[in-house]
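For reference, chains read A, B, C and D in written order, and residue numbers begin at 1 within each chain.
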Amino acid sequence: MYFDSLQGLLMMNGHGMYVWSAYLAAIAIIMTLLVVPMRRRARLLQQLAREANGSEDKTVGNARVEQ
Amino acid sequence: MPISVNDAPLLAAQSLGLVRGGRELFHDLSVEVYGGQLWQIEGANGAGKTSLMRILCGLSRYGFEGKVLRPVTPLYLGHQTAVKALLSPRENLQWHVSGAGLYSDDQVDDALARLGLRGYEDVPSHTLSAGQHRRVNLARLFLSDACLWLLDEPFTAIDKQGVDETQSLLASHVDGGGAVVMTSHQALQVSCNVNTLNLVQGVVS
Amino acid sequence: MWTFFHKLGSPPWLYAIAGTILRWLVPITLIALVAGMIWGLLFTPPDFRQGDSYRIIYIHVPAAVVALAGYYVMAIAGAISLIWRMKMADVVMRAAAPVGAALTFIALLTGAIWGKPTWGTWWVWDARITSMLILLFLYLGVVALYESFDNKEAAGKACAVLSLVGMVNIPIVYKSVDWWYSLHQPASIKFTGESTIDPSMLYPLLLMIAAFYALFTCCLLMNIRAELLQRESRTQWVKKIASEKGAD
Amino acid sequence: MQRQHPQSCSRGCLLSVPHTGQFCARVLRRQLLLAVRRPIEIGNPLLFFAIVIVLFPLGLGPSPERLVSFAPGVLWITALLSNLLTSDAVFRSDFDDGSLEQLILAPQPLFFSALAYILAHWLTTGLLLAAVSPVFALMLNLPVSALGALFVSLLLGTAVLSLLGGIGAALTVGLKRGGILISLLILPLYMPVLIFGTAAVQAAMTGAPSGPYLAILGAMLSLAIALAPLAIATGLKVSIDA
């Protein structure tokens, strides 16, 4: 471990602000890169599930017309 | 002149299928066009007539199922007239970008005269009306020696005399061994028999 | 092998195989990223010239490397969709574009932040940073072209052509920018020239590059699954998956 | 005079199809005639070039020494922008009236037809730009020794720019508002040409030989001639199909 204390780690003798800002920005972008498609897929599935359930009870009434 | 059936078809479409905006326009549609046949594609507006024509002539290459075999280069007349406003009708026809042959001046004069454009051969096209532009485009039929003609509503904005002249040309082209596939809302009065392809049922009659 | 290539063309199969790969790839990627960052930040000696600010290299270089590789993945997928008319390759290209653009942006951002302590300016017209900026413009060009088409099928084909043209041009752009940099800039400390990097710094870098490649693959596969659901929303297999998802 | 109709088509069709060279010459002549018949469209890029050149002294100050240090970059960037502005219209008019569909269906390969279109575009923009540029170079106090290098570099460079702009035009011809989009697509590809173009002029200014830079521009031109029409042809087929 090249830093004696938490304080040393944060300061990184003067360069800490740049290093940590770069890492945090990168981590933020990486998180969005991972989360966005997950949420998009979940939303699509939910919407399709609602459509699937929604259309099921609707077709019971006019099932004959559908065929 | 008996139609020689053993020739290879000038155009063969195998199990074409097209879905547009979630609606299935046609599917599993196969048709073979031989020399000496005139095909008319019928269907209401939006039934996919123009889409089918664009698939047959090769403008649409993606987004549909099935295959189209095209051994010969067809002559295609679309909705747009492809007439450059800055060029005169003669220049438009003689330098046409469809890659057709070189037409002599009197061939062009004769073709334009038959469509009632005598005297307009060398005026800039921007002085002509839209109907006259369509007739300049139609004049390509009188000049071309292509075997296969694909015409997308050729008679819109054409007067009675022009329609009759063109219909007689279609008949003589088909009798001469050529083939025509066209879409039109008007009933055709042509001497040769007409095969119709109705898009609503996708049935070939 | 050919049946594999052909099977790759069927959406449900691709959706399923992407799911299984993701199940074990996502945890590995997260572990590798975290380990690499900790290793790079805490357990490597500071650089004798640049001090601790060089630690940004563990984000900047991997992001740059994978961003460039991402463009090639996108271009090759585009080529496959153009030549063999495979709809799935079109989906892969569509999924790769935003991920690559985001990684290029990470590389640029970290490069700019890194430039401040070493050169005192927020933006330094170094050869690699400038080429990275042009790569970002190439990515944004593909995304912009895709968004401006209404018919998404044609959009995919047009983007395939543009990404292929971009792929041919990338080496030319990189070489000419390197040459331009050497013409105007006397050979001061080359920003990207640390070839003699000693092993203790090299290993975390290699780990981070591997982690970023895994990250790119994860994001790509996730985007593919989402894109598949959207494009094939009317097909039976999507309805089946949706109803299963709805049930549990 | 009843035209003799082909009796039987089965023995092959389109007997008198002009071969590719003849067809491309005809397309080139047609495009040049279309351009000449509306001369203002040839004048526009030159006027744009002139006006933007005038902007730079207003922005950078009139002192000759300052101007001369920027002259190569200013001249080249202005030529590049005026070329970019005109490249949107290469296929636009033919797309609007339907000629582009006919061109794509022509039996002759689209590779050479696209090349003919781009050559016509270059003759009416790039060539004139290169011819006019020495006048503005002198206004920017460029030494006379560099005028030759400027002319040749612009000659080669604008040809490459026209080919690359043709790719952008082919991809965006189907879009209603393709103008701005084309610059985002194509400017990254223009950058290498700009780098070596200005380098050639700067070298000539300092008396160094500008030969190697012009050679690289020539190499870029030959690569563009070989590959760009492929992308243009595919782009046109995709845009027509949209």
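What we mean here is this: a residue touches a chain if its C-beta (ideal position, glycine included) is under 8 Å from a C-beta of that chain, and two chains touch if they have at least 3 such contacts.
Everything numeric here is computed off the predicted structure, so don't read it as measured data.
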- request: Check C-D against B-C and say which one is joined by more contacting C-beta pairs.
  value: C-D
- prompt: Most central chain by CA mean?
  reply: D
- prompt: Using each chain's Cα centroid, which is most distant from the centroid of chain A?
  reply: B
- request: Starting from the mean Cα coordinates of chain C and chain D, work out the distance between those two points in Å.
  value: 33
Task: Could you give the separation in Å between the centres of chain B and chain C, each centre being the mean of its C-alpha atoms?
output: 49
Statement: Whole-angstrom distance, CA centroid of chain A to CA centroid of chain D, is 45
Query: Once you find the CA centre of chain A and the CA centre of chain B, what distance in Å lies between them?
result: 54
- prompt: What are the residues of chain C that contact at least two other chains?
  reply: 151, 154, 157
- line: chain D touches at least 2 other chains through residues 241
Field: Chains that touch, pairwise
entry: A-C, B-C, B-D, C-D
- line: chain C partner, complex, touching residues on chain A are 1-3, 9, 12-16, 18-19, 21-23, 25-26, 29-30, 32-34, 37-38, 40-41, 44-46, 48-53
- prompt: Within the complex, which stretch of chain B touches chain D?
  reply: 1, 4, 7, 10, 35, 57-63, 72-74, 76, 78-87, 91, 95-102, 106-107, 110, 142, 145-148, 172-173, 176-179
Field: Sites on chain C touched by chain B in the complex
entry: 85, 151, 153-154, 157, 234
Message: Looking at the complex, which residues from chain D come into contact with chain C?
response: 167, 171-172, 174-175, 177-178, 181, 184-185, 187-189, 191-192, 195-196, 199, 220, 227, 231, 234-235, 238-239, 241-242
- prompt: Given the complex with chain A, which residues does chain C contribute to the contact?
  reply: 26, 33, 37, 41-46, 51-53, 55-56, 59-60, 63, 99, 102, 105-106, 109-110, 113-114, 116-117, 215, 218-219, 222-223, 225-226, 229-230, 233, 238-239, 241-243, 245-246
